[in-house]
Amino acid sequence: MAKDAVTIRVQSEDFDPGVETQRLHEADPTVGAVATFLGLVRAHPQEDGAVTTMTLEHYPGMTEKALAAIVDEARRRWPLTAVTVIHRVGPLAVGDRIVFVGCASSHRAAAFAACEFLMDYLKTRAPFWKKETTASGETRWVKARASDEERALRW
Amino acid sequence: MAKDAVTIRVQSEDFDPGVETQRLHEADPTVGAVATFLGLVRAHPQEDGAVTTMTLEHYPGMTEKALAAIVDEARRRWPLTAVTVIHRVGPLAVGDRIVFVGCASSHRAAAFAACEFLMDYLKTRAPFWKKETTASGETRWVKARASDEERALRW
Amino acid sequence: MALSIKYFARVRDALGTSGETLAWNATWQTVDDLRQALCARGGAWAETLSREEIHCARNQQIAAWNDPIADGDEIAFFPPVTGG
Amino acid sequence: MALSIKYFARVRDALGTSGETLAWNATWQTVDDLRQALCARGGAWAETLSREEIHCARNQQIAAWNDPIADGDEIAFFPPVTGG
């Protein structure tokens, strides 16, 4: 995989999943499979205090290194022709895009596995933190979930 | 999941993965995760006789029923807010989109699992057949792969 | 009444026809009885309709070889699927 | 020389600072030695920098508590990550 087939971006701006999906395969005719994941700020209808906004904080400098290390590990494990990881930072509203991970490969098994692996590792090893603001204006840091750690340990 | 949150299309026209991804989440603020798969006609650089075109045949009537049954099974197994399956038929060239599967859910584990399940079942249970045309004009029916059957039996 | 028979992909190419209408025969009990009757035509029919190499659908649903058959059914024979 | 210390998210909010520059102390051998020195300030420092509830990075890489520390390092303390 050419070095330029890896895209890692940490940005406050929105991104376009359609454009990113197209970029993952258009340059390489051997790509037969593109698996993608899109994470969004979601409403929690059952929970106390509806979330209105979410603020994503990160550790500039370390974030990019951590994502690059995670992508390198995925490329070591699976034959990938292209990988894209985009993560937004700053204030976001319900329905906004947070994260995009896309993996292109000749075959679907590698594309699927690498995409899920990247999300599991990103969730537990990349220095991002979410702070929620409820309708009443209260803010709270999102707690890490043990289930995310368990998922990351599967690989 | 509302019935209209299921989209199943069998068509000769191309589709837009970006538009389909957006449709999977824009109507429902509880969606936190969208997993998608895009399958493309790929070049086989190592094999004898480069593929120039691919023709997708199907069994009209049965195809739609088979895809609906596969989607119903996915919805029975995982909590999904929306599912889209699009499969093209007719002549296609290297690099052309063949299939799109997208699953939306509150959480990523369900979205990933359902998306991969749908592809594995579609590959082994939906009546589509691929015929390749090589550069010399020769045509050959693509052979079913035992590995696809094995993957479908995992679920 | 009658049976509507359909052939797809490699099976259709080998038989040279995409389908036919066949008069109902009351001795047929399973889809495999129909398959054997078609094989009895010999030549490409016998070669192509080996049950190890093809699948069958009855009324647009995948069928097992010992599934019952009935007058008016739509029966299809085709190779293992390769979509996606 | 000196250490550059950074605090993120809930840790930063609890300590009321996003970071500081700290004079190097040659008795520190591991990142946990630094953590204990910060805890010795008492109050929010002792409450927040419990090693069960935070993670540490040394020079922008996740560190274990017994990893060595050196003059000039950038050390960060933060809660478990919650991105994605």
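Letters A, B, C and D mark the chains in the order given here, with residues in each chain numbered from 1 onward.
In this text, a residue touches a chain if its C-beta (ideal position, glycine included) is under 8 Å from a C-beta of that chain, and two chains touch if they have at least 3 such contacts.
Values in this document were obtained by computation on a predicted structure and should not be read as measured data.
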| item | value |
| --- | --- |
| Starting at chain A, fewest touch steps before arriving at chain C | 2 |
| Inter-chain centre distance, chain A versus chain B - centres from mean C-alpha coordinates, in Å | 23 |
| Geometric centre distance via CA averages, chain D-chain B, whole Å | 48 |
| CA centroid of chain A to CA centroid of chain D, Å | 26 |
| Centroid spacing, where centroids are CA-atom means, of chain C and chain D in whole angstrom | 72 |
| Residues of chain B whose C-beta touches two or more other chains | 39, 119 |
| Multi-chain contact residues (two or more partners), chain C | 84 |
| Interchain pairs in contact, sorted by label | A-B, A-D, B-C |
| Chain A-touching residues of chain B, taken from the complex the two chains share | 16-19, 21-22, 25-26, 29-45, 94-95, 106, 108-109, 111-112, 115-116, 119, 151 |
| Chain B - residues contacting chain C, complex | 39, 56-59, 61-62, 65-66, 87, 98-99, 119, 122-131, 141-144 |
| In the complex, chain D residues that touch chain A | 6, 8-10, 13, 57, 60-62, 76, 78-84 |
